[in-house]
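Once you scroll down, you'll see the structures, which are given as structure tokens.
The two complexes that follow have subunit A in common; it is paired with subunit B in the first and with subunit C in the second.
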Partner chain A sequence: MKKLLATAALAALAIGVASATASAATKACWVYVGPIGDFGWTYQHHQGLEAVKKEFGDKVETAYVENVPEADAERAIERLARDGCNVIYTTSFGFMEPTLKVAKKFPDVKFEHATGYKTADNVGTYNAKFHEGRYVIGQMAAKMSKTGVAGYIVSFPIPEVVSGINAFMLGAQSVNPDFKVKIVWVNTWFDPGKEADAAKVLLSQGADTMVQHTDSTAPLQIAQEQGKLGFGQASDMIQFAPKAQMTAIVDNWAPHYIKSVKAVMDGTWKSSQVWSGMAEGEVALAPFTNVPEDVAKMAAETAEAIKTGKLHPFTGPITKQDGSAVGEAGKGLADGDILGMNWYVKGIDDQLPQ
Partner chain B sequence: MRIVLEKRGEQSNAMAIASPFIALALTVIAGGIIFALRGFNPFSALYVYFVEPLTAWWSIEALIVKATPLVLIGVGLAVCYLANVWNIGAEGQLTAGAILGGMIPVLFPTFQSPLTLLLMLVFGALGGMAWGYIPAVLKNRFSANEILTSLMLVYVAQLLLDWLVRGPWRDPQGFNFPKSITFEGWQLLPNITGSIHLGALFAVLAGLGLAFIMGRTLKGFEIRVAGSAPRAGRFAGFSREKMVVFCFLLSGGLAGLAGCIEIASVVGQLQPQISPGYGFAAIIVAFLGRLNPIGVIFAGLLLALSYIGGEAAQITLGISDKIAKVFQGILLFFILACDTLILYRIRFEASARSSNLQPAE
Partner chain C sequence: MDLLLTIMTASTPLLIAAIGELAVERSGVLNLGVEGMMVMGAVCGFAAALLTGSTFIGILAAIAAGIVMSLLFGFLTLTLVSNQVATGLALTLLGLGLSGLIGESFVGQPGVKIPNIGGIDPLIPGAILLTAAVAYVLFKTKAGLVIRAVGNSHSSAHALGYNVVAVRYLCVMFGGGCAGLAGAYLSLAYTPQWVENMTAGRGWIALALVVFASWLPWRAVAGAYLFGAISILAYTVQTFGWGIPSQFLSMLPYLVTIAALVVISGNRSLMRANTPACLGQSFVPDR
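Take a look at the complex of A and B:
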């Protein structure tokens, strides 16, 4: 039995070596937490993969695994590493520990983990400043809302999401200091049924603007059904709600992936922590629709100010929910404070789940 | 016309053994047709699915690691189902075991000795038993349907874990992410070889132990009588109530142990999601193994193969991961269909009475 296994292992090894020498192309691989068809988070990462293919043509080979459960990701990542991937992108926070574990076993393979904070010699991280886009849509919501209340569907109380809520609220308050946000936590990134239910509840409670930090198109579709407005998340969702979407915060991972794959090809890749935003084009806004000209103009100007660095969404002093103030006057919060944000700004009518 | 299921006069032993293999063959054929319809060569797809994962030692290791929780939970459920006790909530018992077992490293992170691991495993099993005890008591005291209560308690346990790792048990250095500290040293199961951890040994021991109990002891006889001839069991003085409690404690304890093993090996910490549905997949495993503890060991390996093959097919051929789930569904369907057709025969009969009962279109 042992001999048989050894032979099998040798054969597999031989096949592995053969396929490794057969192609000189750089192999870039992706691990997705959801289905590509979510038209949100995973879809946008897959667009990044497509962009890499288009950019490098024959010089790059790609592979991906979708719907990988966070409790059981190590094997999928290891398989990609064994299949000769030169660089592996793990695109969910929950993949942090498994990515580090596999990276230890394969020191020659590069790993990049999206939205995490732990790194190693061959593990870098990358993330986007989504809150920059959320500040802009906050302003738009405050301008467009008749009731002065937005309904906000959120996934998990992690810093990325909390800072998004805060940036939205600060943007809204800059237009209408009395603006209100109603929040529903759905504890999932992708569950169209649950998201739709949450949207119905929020709209029936007086909200007339739909904001979401979950990945399906359901909330926006509900808003359209009820003649209300809203914002797309992660990708441009205009085809699903042509009468409701005012704009969408689009995660554009293509520039990062192209840059990173290029670095792997050239042998210049180094572990780093990349955090790009609107200036780099990683966070973009879909075309403004269903809004009057002056609102579109204001939003475009705000976006431009953020891009050029004139406006920081978290400019101090910011009053927290408990009344205390953070940040120096006129200065933006430090990156670390945003990346670990676990408090609400004043005016948000919700308790942060502790 | 109506369709009648009629009990066959005598049961064929040979067919009873052949049934899972027939089901498997039918699944492979149905799978091949699905692949062909999706535009893939069915033979190469089936090769990648069922054979390729067995051609490298590392993926055999992965297979055993994946099968470990399925077998541990599956053997307990097999005993339950034999006794006609329907525990559908193993996933919740698994979660409860992970919570109670994980409590030790989370609350006492510096407590490092072999005793740490032992306590974790004992607490894990106790957690699963306690969670399983609830539907048992509800059934005995209030005749509440255990299928519903055990299933609903799954969500209670998962939300409890969710709350714990978002709040009190969150890693203080974890940037507010819903994860506990990562376990290390004696808070993790040692590996036997490669990536196979001690849990695999527990799974095999559980299978062998239950096979012995079922085949050689009075308790095993009592369980089988409870399932196949409950009236005879009552005349023999076997208590139905005690049997329900026994089955839930046994299957709950094993599921809890499996949950604790997962967090002390593959996962390595507490987080909102600690199992991709092992507690539910183990139901398929129990039936695929013909409710026989030894059979369950092989069934667990086979189902693990379907997970790993699904990943392989996705990476090498670009086949959607949904196919793996479709496969598991087809497999369970064929097993149950084959079993039914061995015990019953289908008869079509034209009946005037039944046509009267048909509602008007």
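Take a look at the complex of A and C:
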């Protein structure tokens, strides 16, 4: 069966690669981990592709491969590199090593890897400070929750997800020091069924606020069904849960992609580590709904403070789960510490899978 | 009670798809396209329900979509006698691609949900009734005897005057209809929405369940419910914060289901008696 599946995946890849027509235009290519119809993570990256198309018209040619399994990404990336892409965006944490490997073979092609931390001469990284948004929703959750417990559905224990949980918790604790969070790892980025199951389990275990770091709208729908509240992920998911969504952390990759493609066109592209957040508009919050005015006001003020740099979600000293403290008093953690975060803050009962 | 309902919801799509495939395999046809038929059922059911506002029409559309897909498979493997394994895989790929195309304009639209009857969604008991019906037909009726004969020795069944290809066509269509229904369950009851690839491998799990259930309908129920139960309990255990690695818990449903079904399939002669001997073999009538 495994072999059959592998064959199937191979064939899928071959079909999935959009064919290219030769021209002088700059060719920008994307590798997606999910389907563009996920209405979450991949959908938002694809919106970025569309924005690039719109911005540059004939001067740019685009291609993408969707549904690329993380374990099998090298082939997809190499295929795009061979197809004459000038810049390739690999949009999942798990694509890090394959991207670096392919980049070595194609020194003239530029690569940008989303959410990773390793670079090379022709490999840059770009990421968004999702934790800024998560700090705000943590505050909102603590204000709105009646049971004082949030249910948090997560995909994989990588720094991006872990720092999200921590920022959420720190935000919540700033409102209610005794706030609790129950965590379920579903070990997938995208499986509406599993996400719905996890949501039902969490709500039956006393959580009354749904938070997710997976990509489908299912958890929010379950929250709505059961008369509970929650937050959207990656896209504004309000039409799926008009009575449940308080806000959503919206990823807006378009500004980065436009800037990056422009740099490739002008020949000014350089490998760098771009990490933008609320200030640059890369992380945005959907309109506040289903919350009283004072909660919306608090959230807006916190967001504004983060935007202007007055508030850093990880302001030291922060007490870790094991009781030790990190960070200097009154100062935000260094970017590197957040990008490599592999510990929980105090107050989280879950044990971090290693 | 909540927990029980969650388990049943998680198990039902697997069960419906598995029961359909069980009938197909009993007739000697191996259709690996369950995932593709299921995802087509999901998108067509969602689209029809959204456009008409009726989940009943949605369900009918999903079943029809599954049957159309299975007829394509039937035409290729039964009429043109192509390789069943390759054709089934192709059917899955076709279904995944085509459903994405059909569903493009439906992404991001909230769907309609099958209304509950007496506090329970009607497809949960429906799946059990379906199992009972399949078990009855396969083992208590002449039609079932013919299906099993075709699956065990198509040449003998042919020599006795039964139309092997016609019987297989009917079984393949039944399997397609069930897969389509299972897909509709996902997009209209489980998580009322359409997103690409929303079946997320459930068709493959259903296929595996058929084998591990040694082609016996009630064992398929046991397998599907066990799988659902362990998945949900694994999530529940996580919320306790005991620090059991989540990767291990995610693996548990597969592990336990395989172990349990291997144990109950320990009886070799029973296993031999129930494995369709002509499974996956093409049949060309010689006259």
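Details
As a working rule, the second predicted complex is superposed on the first by the 332 of 354 C-alpha atoms of A that agree within 3 Å, B and C clash if a C-alpha of one lies under 4 Å from a C-alpha of the other, contacts with A are read in each partner's own complex, and residues count from 1 in each chain.
Keep in mind that, in the parts below, contacts are C-beta pairs under 8 Å (C-beta built on N, C-alpha and C of every residue); 3 or more make two chains touch, one makes a residue touch a chain.
The model shown is predicted, which means the values in this text are computed figures rather than measured ones.
Annotation: superposed three-chain arrangement on subunit A; subunit B versus subunit C shows a clash. Within the superposed three-chain model, A:Glu55 lies out of touch with both subunit B and subunit C [touch as defined at top]. In the overlay built on the shared chain, the residue A:Val184 is in contact with subunit C alone; subunit B does not reach it. Put simply, more of the residues of subunit A are touched by C, taking subunit B and subunit C as the two choices.
In the superposition on chain A, contact is made by A:Leu339 with subunit B only, not with subunit C.
Of the two partner chains placed by superposition, only subunit C is touched by A:Phe240; subunit B is not. Within the superposed three-chain model, A:Pro69 lies in touch with subunit B and out of touch with subunit C [touch as defined at top]. When both complexes are overlaid on chain A, the residue A:Pro353 reaches subunit B and subunit C alike.
By the touch criterion stated above, A:Ser204 is placed in contact with subunit C alone, subunit B being left untouched.
Note on the chain A alignment: of 2-10, 182-190 or 308-316, the part of subunit B that runs into subunit C is 2-10. Counting contacts as defined above, subunit A residues 5, 8, 11-12, 35, 67, 187, 353-354 meet subunit B in one complex and subunit C in the other.
Considering their complex, residues 2-3, 6, 9-10, 13, 32, 85, 89, 92-93, 96-97, 100, 103-104, 107-110, 186, 190-198, 200, 202, 204, 208, 231-232, 235-236, 238-239, 241-243, 245-247, 250 of subunit C touch subunit A. Those residues of subunit A whose C-beta lies close enough to touch subunit B in the complex are 5, 8-9, 11-12, 35, 63-67, 69-72, 74-76, 78-80, 82-83, 93-94, 97, 101, 117, 156-159, 162, 187, 339-342, 353-354. Residues of subunit B touching subunit A in their complex: 54-60, 62, 65-66, 162, 166-167, 175-178, 182, 262, 266-269, 271-276, 308, 311-312, 314-316, 320-322. Those residues of subunit A whose C-beta lies close enough to touch subunit C in the complex are 1, 4-5, 7-8, 11-12, 15, 34-39, 43, 67, 151, 182-188, 190-198, 200-202, 204-205, 216-218, 221, 235, 239-240, 349-351, 353-354.
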